[in-house]
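Okay, handing you the structure first.
Labels A, B, C and D are assigned to the chains in the order they are written; within every chain, residues are numbered from 1.
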């Protein structure tokens, strides 16, 4: 684990407080002994203390880039796996964290508009910071096609996630399936701990209505995903 | 920035000439961010000369890629010969470059 | 190999620049004709057949394996689709032309080759959508052709 | 000394392996040789780029870079011919495939781009405010010069030194960062580069654990067809992190160098394609 006190001690001994290190000047390496740090400590130091990132840039979710770089509990836990599948204890812990995050629409989950869902599945902009900050007023999307096959007629789809072609036809458009799809888009870690899939709802990438639209794109019998 | 870059290399008895031109090659159908059509601006004619003799005359539309590349091959070229490439676009602008064959 | 850079401006169709004027004086080129010669109608034709007729006075093509056309089957970037055409198996090649059937104006380029040229050209073209690319080689008064399909797709992270 | 000899052994083995390409090859020939002995879908995915590689626009960038490298420039009117990229002043052959590396004169691990900026400052007298250093990406001096230098390592095996403790520390931090999930998408580098043959949209992604495909992934500078420009390693780092929805990484920062130190190590022993051409 990253030890804040230890870094702070190293810093206090070497750097003047409040003076940001420059990327070009031989400050940090010469004054702080990187070889005495664990890889985790050094990584955190390079990100937060050695002018590694533009941390003060405002982010569209109302916070700053610093919060973007700061890991939450789930991110920390999953990063520690180093790409390996989650062990039982990790899986249980992450799934619990995820279940606690689910928030449902008032009045229950209802199928949204599959056409809007299609737009959200195709569009990939939103939330990118520097150097080119996304214009977040338009073209915001979940970019589902980056990782999933959906409409079988669409030829450019990614394969990081499983194919979702014919998903509704296969699983049925039942209340149970609707809740399952809503949950997975909102925070998939409840079912797949430490999945690669972003927490679209829990992280505010898509709002609740948008999630029901994506849900409709997958489940509505009229949607091209199921034709 | 209307550079004409040319490479000419003798290989297997012929001279392969490759040229890279600097030009926006606007088709006239693209829109700027404000939604206005960007007027057509593209190279129309390219000439390639070997020791001053016209060898290739090409007519191009806006569908040749931005910063155009093309290559052609010539027989009967010797080391020290001059290869020149020049172009004229639909606005009457022109540029040229030449190179001595190694 | 350092290309010697020169830059000139056309002024009302007249070339300024000593070297070129001298060359024109020798009767090697006729710069005034260059602008006028650009086949406007052919480049503005919005069907393949019309474009062929405007360029060649005929749209009758003879598909031939002596025209070797290379283009990528899939292009992730329609803005720079590499095309190469080789017609060395044909005698007396006068010109090599490129058409992209689905482009709003199909004629892309025409290379007129003098004797002494090897009948091969390569270039890169823009394709707005998937479609056929057609190479037309004019030789001995006939039009030989080769056709290949290019699928234009999207790569990368999207957005 | 004994310890050094032991450390050198795996490197010698790597160099003796067939992975080392003929340095007389062109970049497209280096790639073709990799394709011939690999079944990587990443290497062969783009017929378009394979065709374009034979006439790389970056060849002209190399020529421009050579002129800039040899020309006396900056307030000190000096060329870069005395710059030490790790193998001695002015030695460029094979220098880039042995970077990032530790430099005693700065006490830091530096990659090609940060070392180049260092020499432009110390030898030529440029400052951060000068256009020559300020303009990082695009049709810039930095890109042209680094493309010229990198091309001197075409076909050679990646072999970043791991002798100095700082080199190991930076590589370790880079590995840590590679798996570090953060931001609104929870992405890490490993999200896209941890499996074989996966696609994002239509693009096949390179797996960092398959060295003979990963070498192409880390072969920068490369002409980016979609950008109509040559891009360097720092640009690639920045763009991936931008797509990952994390914060903007600082060009030439040690965070970026650590990432490059790790990714170069993962391609160890495989021939570099320099300059490469990518989507």
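By definition in this document, a contact is a pair of C-beta atoms (placed from the backbone, for glycine too) under 8 Å apart; a residue touches a chain by one contact, two chains touch by 3 or more.
Computed from a predicted model, the values in this text were never measured in an experiment.
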item	value
Of A-D and C-D, pair with higher C-beta contact tally	A-D
Chain of greatest Cα-centre distance to chain B	A
Between chain C and chain D, centroid-to-centroid distance (C-alpha), Å	37
CA centroid of chain A to CA centroid of chain B, Å	47
Separation of chain A from chain D, taking each centre as the mean of its C-alpha atoms, in whole Å	28
Length of the line joining the C-alpha centres of chain B and chain D, rounded to whole Å	32
Of all residues in chain C, the ones touching two or more other chains	2, 79-81, 122, 124, 153-155, 157-158
Set of chain B residues in contact with two or more other chains	5, 7, 66, 69, 71
Shared interface positions of chain A, touching two or more other chains	128, 145-146, 155-156
Inter-chain touch pairs (all)	A-C, A-D, B-C, B-D, C-D
Interface residues, chain C side, partner chain A - complex	151, 153-155, 157-159
Interfacial residue positions of chain A with respect to chain C in the complex	122-126, 128, 134, 139, 141, 143, 145-146, 155-156
Touching residues (chain side chain C, partner chain D) in the complex	2, 70-77, 79-82, 84, 122, 124, 153-158
Contact footprint of chain B on chain C as seen in their complex	1-13, 15, 20, 23, 26, 28-29, 34-35, 37-39, 43, 79-81, 100, 103-105, 107-114, 116-118, 120-127
Touching residues (chain side chain B, partner chain D) in the complex	5, 7, 18, 20, 66-67, 69, 71
